Amino acid sequence: MKRAGRERGGIGWEVLSLPLLLGFWQVLAMLAAHRLFPTPIAVAEAMATLALEGRLLEDLGKTLARALAGFGLAMALGIALGLALGRQAWLDRLFSAWLVVGLNLPAIIVAIVLFIWLGLTETALIAAVVINKVPLVIVTIREGVRSFSADYDELARALRLDWWTRLRRIHWPQLLPFMLAAARTGLSLIWKIVLVFEVLGSDGGVGYRVSVFFQFFDVTAILAYTTSFILVVLAFEYGILRVLERRAFAWRRA
Amino acid sequence: MKRAGRERGGIGWEVLSLPLLLGFWQVLAMLAAHRLFPTPIAVAEAMATLALEGRLLEDLGKTLARALAGFGLAMALGIALGLALGRQAWLDRLFSAWLVVGLNLPAIIVAIVLFIWLGLTETALIAAVVINKVPLVIVTIREGVRSFSADYDELARALRLDWWTRLRRIHWPQLLPFMLAAARTGLSLIWKIVLVFEVLGSDGGVGYRVSVFFQFFDVTAILAYTTSFILVVLAFEYGILRVLERRAFAWRRA
Amino acid sequence: QDKLVLGLQESGTVQWEIEAIRQLGLDTEHGVDLEIRPLADSRAGQIALQAGAVDVILSDFTWVSAQRAAGSVFTMVPHSLAVGGLIVPADSAIETVTDLEGKVIGVAGGPVDKSWVVLQAYYVALTGGSLSEAAEARFGAPPLINELLGAGGIEAGLNFWHWNARAKAEGMREVISVAGMFQGLGLSEPPPLLGWTFSEDLAAEKGEALTRFLDASFAAKAALLADDEVWDGLAAIMGAADDPALFAQLRDDYRLGIVTGYDPDDTRLAELAFALLAEFGGPDVVGAQTELAPGTFWGGYSK
Amino acid sequence: MAPGLSIAIAEKRFGSAPPLFSDFRLEVAPGSILALLGPSGIGKSSLLRLLAGIDRDFSGTIAIDGVAADRAPMPGFVFQDARLLPWLSARDNVLLAAPALGAPAAKALLDQVGLGGRGPDFPAQLSGGMQRRAALARALAANPGLLLLDEPFVSLDAALAAEMRALLARLIAANQPSMVLVTHDAEDAARLADRAVVLAGRPAAIFADLALSVPQAERDEAQVAEYRRRLDALAKGPA
Amino acid sequence: MAPGLSIAIAEKRFGSAPPLFSDFRLEVAPGSILALLGPSGIGKSSLLRLLAGIDRDFSGTIAIDGVAADRAPMPGFVFQDARLLPWLSARDNVLLAAPALGAPAAKALLDQVGLGGRGPDFPAQLSGGMQRRAALARALAANPGLLLLDEPFVSLDAALAAEMRALLARLIAANQPSMVLVTHDAEDAARLADRAVVLAGRPAAIFADLALSVPQAERDEAQVAEYRRRLDALAKGPA
């Protein structure tokens, strides 16, 4: 009873979050009253105009497609490699320096090499995104794998679980918090990386357009694009992540 | 006995990691034989020249100082806020949308606002770095806090532990894997963020110099700068992180 | 009082003029103290100018016009006419712009690059068709274009002039310069696209110093145009110290872009160019305005 | 030193299941050694958690010497599982409950529960019975006025269990704490307790409340056997 | 169905501590119900882990019907702690060991261990004794030929323990598995086992090996009491 009540109260807070942010922003913008600090209302208007008359939807679509492709590939590769490195100490040791190098390779280097090798293509762009992101996923997942409980591994061995059941029933639930951290930070990073690469070599997408707007210091339009992307992420967060999370972590609240 | 042996073998692998990477790079570079794909030897020579005659050391020092300041501040703030959000469901719900927005705010927006408000100062640069990085730390730490064991919280309550002991003895060890993930990915991200902001508003540092080199496509010099930073991170990884880690996780190997 | 802070791209060709001013002692001669704040790229310059960290930067006339339209009263004095051109490998079959049909063109900067807009306008003028449909354009950073041109990844490049100079020194061939395209589109001379940019507030406050600096700048331009000896001291910062061919190419192409005079009342060329860019490039290229904002070129100076 | 317990739970329930306790009252006199018995799942551990102030999610009052359970001083608590912190050595686990104790005294205490020399070992390096004894040592470390023990002698062989019971009896004699001992073993109750409460039903009620009036120190084997017999009979619960 | 065990451990040690087993030999006949006794920390759980093929870090051979322990089919294993997966319901924990069982049969099994209706509950929602019974149900779910049980009846009240023993006896009668039962309770051994092995010393050696020759089904209370007495005496260990 009491628990359910608390839950419901919580949703109240959740609903307040966005309006509060917008209010805060509106007040700040009104106080600043600076051309480079537009109010949310001005940004919303710009969004509407850009969506109806400009190419906002088209650009957003391009960037989302790239981000999703990059995200999916990077997560899949990163999880596989993270699992491998987390479980096999010798592999981890052998490639530990590689990982540090991969983590710290500037985007620009990756972009140069790939754009030159693969040309100014969509493949090169997505490959660059993936190469930039994979080491981050690996590191997070590897940390998760290292913190697996030895007790549950013993159980898995006693029950003679095959690798798939082991992955699904024993490892996945333990990995989930790390996965969520990787997914949440990952989506935002991917998008930022896509922005960078779209500036370096592409003919459209949010990053490209933002750099165009930047030429004129059109902060309102930049924020309109940013906001529309953030709305997509918010939809993903509340529509998918939180729902999945609530189901997956039901046992924690028990 | 067997265990100790395995450990020693492991160090063998570790020592191999970097030479293997360099060898791999050398072979690739020799196969490619392309001006934009220098060999590690050429890069090492460039490093020596840039360090002795150029401004490599000065630039590296500037960037490291900025990265460390940004890293320290972002980790401290992120951990404090991540703990707060992880423990207080209503706070988390209230600020969840803010966090999503913070995660996805492009660096360029932050740069414009801060550089124009605070001027092209070191403070503005570090503030921009911190603002970019804090949401990432928060998300990772919050995920860690959410996965805290309720059993150990019960224990802490039974033992009437004060918040400091609770933090140190109960929460910290559970947070450590997430902290390590945040620190490892964090340092590399901070450095990439610093690179971006150094391009936008500074008169020196690795990012600044790399973007200048980029205008001449001087990949050898870019790699020389990158490599010198990576050497610093490797020193941090093997000299500090791994040693601390080995001590902190002794119980896992028990 | 008579000190000016210039925010200049560290690697930019503008440094050549500054170096010439220094070597010829034109700053002391004109009684102005120049402090150079090096910047990593053009975005950094715009931020620095808005943040008040520098007094003068180099910028595009479209940027100034758009800023004025949006309420930030920046203004400018022309610095350079140099733009770029269409370049192909020496043995390429492409002789004219009409040959671009069905080819892959690498464009520096992106679809809103002015050269690309002008090339498209020129193509329309020649053929009546759309170049972006007739050929495949790929967009990338300038060095990348040169690199891909050399490697055969693209068949023609549309790049900035100093990158083209390098390419030419390596044996590539320029099909037509952007200045040539402008002429083909009916402009008698190439328009001044790049200029010294500052706020009107600064012009009011430090007008004297500004004028002296502009005098020094035009004096240096004159020297660079007429005097080969001035160039000898620049070979190092041009990155052509041991490449006489490249050195000569860079020098000659630079001279083509030198602005020799300035009449603030004669903005006809700029207006035409702006209208052209607005017509073929749209708001992505010129901003919301379709006409050059009045006052884009500073009335406080003439040469 | 020993506090009295005054329990008056209006209602304690988990989620929408029928309440575990409803209008449940129990008074425990200061210095009383209470054995709490009852079938699995009746609510013994839940009650202990309420008494320790770990669980505050109930209506009613639980007063330890007049103070709400979660404000009362630290009790000595043994969980039903060992619940050692895996990242602390056995010694540090003990010291966590009594930082003032100091390493030598912690070592001496571990000696007493038969873990001499195992202080530096991590919990994962100890056998099941060893972990339980470390948990017992942790509960006793601070000499608390109130001991709340949930099956503390489980997983120990008979000899060791007897030894631990004797240790506890000595400590009780020395410190005179109050104690609530949850156990399924009538032997534990018969040897240590001076009162036994048997729970039954849902919501749980006191099915039997037996005074073991011969003082603990004076019980002979025959007396213990007699108590055990009576407790065994009671523990069978209502028909 | 029941496998024989052939144990020949040359050495088993943890780190640099003295070996737990050194040149340890034990043969268990097919269908034998072996009770394994011995003081806390002697190595009972460690031996069980070796038999289950969980721990492969030893020298020597352990053969289950001639197959190395870690290659042998899944045994029914009860850990010394319940070790349920906290993110699976009680029913899913049972089904993990026997996916082919199906939900209705899992429910029936949970009914048998007194957890009727608790199948959908997560382990954290179960009492200590309930968790142990769920773990027992999991071990029995697949009707394995070899049962390895580490104190399966701990934390249960006497009545429930007797019920569980009876359940196990029925299953043994029906399936005729081999079994190794670690216990500290002579009662368990006296009621279920047909052979009892008592370990002592370090490295552990077989201190006593007692045949409980009256068949399990035919033992009366007097016989059980007699076995218990003998086992209790043996469990005291060497002087």
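Going in written order, the chains are labelled A, B, C, D and E, and every chain counts its residues from 1.
Rule of thumb we're sticking to: a residue touches a chain if its C-beta (ideal position, glycine included) is under 8 Å from a C-beta of that chain, and two chains touch if they have at least 3 such contacts.
Just so it is clear, the structure is predicted and the values come from calculations on it, not from any experiment.
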item	value
Contact-graph distance - origin chain A, target chain E	1
B-D or A-C - the one linked by more C-beta pairs in contact	A-C
Computed distance of Cα centres, chain B from chain A, in Å	17
Between chain E and chain B, distance of the C-alpha-averaged centres to the nearest whole Å	49
Cα-centroid distance, chain B relative to chain C, in whole angstrom	39
Per-residue multi-chain contacts in chain D, two or more chains	81, 124-125
Multi-partner residues of chain A (each touching 2 or more other chains)	36, 112, 116, 150, 214, 217
Where chain C touches two or more other chains at once, by residue number	43, 50, 141, 144, 147
Residues of chain B defined as touching chain D within the complex	151-152, 154-155, 157-161, 165, 169-170, 173, 248, 250-251, 254
Of all residues in chain D, those that touch chain B in their complex	49, 52-54, 70, 73-75, 77, 79, 81, 83, 85-88, 96-97, 99, 121-122, 124-125
Residue numbers on chain B that touch chain C, as the complex places them	36, 108, 111-112, 115-116, 119-120, 198-203, 207-208, 211-212, 214-217
Complex contact set, residues of chain C against chain B	9-11, 37-41, 43-44, 47-48, 50-53, 141-144, 146-147, 239
Touching residues on chain E, where the partner in the complex is chain D	14, 37-41, 45-46, 80-81, 114, 125-130, 133, 150-151, 154-161, 184, 186, 232, 235-237
